[in-house]
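Chain naming follows the written order as A, B, C and D, and within any one chain the residues start at number 1.
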Amino acid sequence: MILSQFQEVGRNLFTQGLVSSQSGNLSIRLGECLFITHRGTMLGSIEEGDLVQTGITKNGRSTPLASSELPVHRSIYQHTSALSIVHAHPPYAVALSFVEEEIIPRDMEGKLLFSRVPVLDKEVLKANELCREITEALKQHKVVLLRGHGSFAAGQLLEEACYYTTALEYSCRLLYLLKGLGVNAGQNF
Amino acid sequence: MILSQFQEVGRNLFTQGLVSSQSGNLSIRLGECLFITHRGTMLGSIEEGDLVQTGITKNGRSTPLASSELPVHRSIYQHTSALSIVHAHPPYAVALSFVEEEIIPRDMEGKLLFSRVPVLDKEVLKANELCREITEALKQHKVVLLRGHGSFAAGQLLEEACYYTTALEYSCRLLYLLKGLGVNAGQNF
Amino acid sequence: MILSQFQEVGRNLFTQGLVSSQSGNLSIRLGECLFITHRGTMLGSIEEGDLVQTGITKNGRSTPLASSELPVHRSIYQHTSALSIVHAHPPYAVALSFVEEEIIPRDMEGKLLFSRVPVLDKEVLKANELCREITEALKQHKVVLLRGHGSFAAGQLLEEACYYTTALEYSCRLLYLLKGLGVNAGQNF
Amino acid sequence: MILSQFQEVGRNLFTQGLVSSQSGNLSIRLGECLFITHRGTMLGSIEEGDLVQTGITKNGRSTPLASSELPVHRSIYQHTSALSIVHAHPPYAVALSFVEEEIIPRDMEGKLLFSRVPVLDKEVLKANELCREITEALKQHKVVLLRGHGSFAAGQLLEEACYYTTALEYSCRLLYLLKGLGVNAGQNF
């Protein structure tokens, strides 16, 4: 049941090109428990052994197999009401993250979902700060972008966090296409 | 039988990137009955519980689960001969909708199907007017675009409305590629 | 056996975006017999009833269900050694067909397969002439482009004609990307 | 077991558009044995008969069916510790290979995997030299590009060589999108 949620969302993200063959990671929270994909999981074809179970706080046991983004996932679960997190590398969103301080969607779906999506700069922030900044951003936003890296989306269901990710990429792809047509973000429609 | 039509068309639209994971909606009319996908259906993997049955006119029962676009679907069924409707978010068509008043295809298939595809402006029109304008447009056209939002296509079979949607996106993608090559819509071929 | 060849090639073309949901057509020749997809076949999911059997010459029986491109297929089989034909709408190839008189690939695979791919102009040629021109071109070339319309590729196996189509599209996509990088066709590499 | 690895990786590469219907080839080394896809294998649907078994050195028996890139695969296995090789035609990487002497990723994943990816020029180097240059490059790099042709990636598992290929293409696609946004490789982020 848990596994099939991970599989459907993973396949979805891979099919839409939002993760490469081994990038991205997914997690869910169940009480004080956390299930996260392990390092190098191919999200397009998740298998039973690909899920690591641990706690939302760092307890005694080490988790060498869990995704290296585990500290970010933990921090989000500790400080927000999220029950599911999707980390992906959506290509148009990542491209825009190099030149924008925040993403402001132009399509109706994006506007309804996000008034704006903040872009955090990994180079500028230290690792600890970054973790805190992502967590802070997800208290107010459904999804946040790390410049040159990828997105973190949080929701109740994994499906929901996946939806925010794909909707962000759709909005960013549209913004990119609009730049090609000479439409600037500042123009009124 | 009904379900499998929805599933095939939904998968088709999702595979071609014309809807994101939870955007878009589909409906068919059977007599005075209307079957429509419910809010947030993942069109790429429609299941039995994803279809809502209601009437083509607003009767007593409320339909809180039906797609929020239900009023548009109802209006189209009431005033045209359509038996199937596909609402999608084709990215190149939506991008062009920002800069064009109408889409005039340049490829042979698009020219045979559509002499032109009108673009309606949601910001300018009030909700009631918009519903009426979409319906009016679909009396004369196979498909219509809403600026910054998406397409509505109407046909007899769901497959047919899907075909108009994918053919419109193909034509728009070609127009976009041609702009990149410096070919303008006005040039004669 | 015949059906499964059509199904595999059709699915392949659709998955790669070389045909839209109902565009394109496939045929094979067996002796004096010709099997062709019928009008409006969804190449991504060909079923048994989608194939029409007829002759390579126009005999008494009419074939109202066969693809409207049947005369082109017949002409190719009558005048060349082809045993399989794929007609598709590859988007980058069609885009370039508006601005090029012939396609000259830059990638190694394309160069090995095609020294050049001719572009015929449907607007300029009459229907009869066009049919003859396509046939003539396929005596010397593996694939030919019709401006603003699509490609015809001929081979022994359907798989082979499919390969020429996908390789042409790959070469054209690369040429398009190179234009975006400021590399012109005339430059030497 | 061997077959299923080839099938999964082949399907993966095809789905992501990194090989066209019959381009690309895969191999693995088992002791002194080498398994390689045969000429014209459709990587998207590898079957049992598509694998050719031979040695990592040229022994007496000829291998007319093996991929024409067999000498490159042999040379890599003879002179490096690679156990798996993926040769593909990733379109954005090939496009950039025309204008760059080396690829320097800008995304975090690409930066972690590759400090730089060398671009070799097939036109400039003779066949023998090229084979040696590819082998030399793969002693220090996970993946190498041949200008106007494609990539060779080497790893322990086929999955790993596939991952390097898709990660390279992701980095190159991002670099291409960034050029469209006016971001140059020289800019500091």
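Here, a contact is a pair of C-beta atoms (placed from the backbone, for glycine too) under 8 Å apart; a residue touches a chain by one contact, two chains touch by 3 or more.
Worth saying up front: this structure is predicted, and the values here are computed from it rather than measured.
By the residue-number overlap criterion, the interface of chain A with chain D counts as different, with under half of its numbers used by both chains. The mean-CA centres of chain A and chain C are about 41 angstrom from one another, to the nearest whole unit.
For the pair chain C and chain D, the distance between mean C-alpha positions equals 29 Å. Residues of chain B in contact with at least two other chains: 15, 180.
The touch graph of the protein chains shown is a ring with every node of degree two. Taken in their complex, chain D has these residues touching chain C: 15, 17, 20-23, 40, 42, 44-45, 89, 91-92, 94-96, 98-99, 122-123, 146-150, 176, 179-180. Interface residues of chain B, counted against chain C in their complex, comprise 8, 12, 15-16, 106-109, 159, 162-163, 166-167, 169-170, 173-174, 177-178, 180-183, 189.
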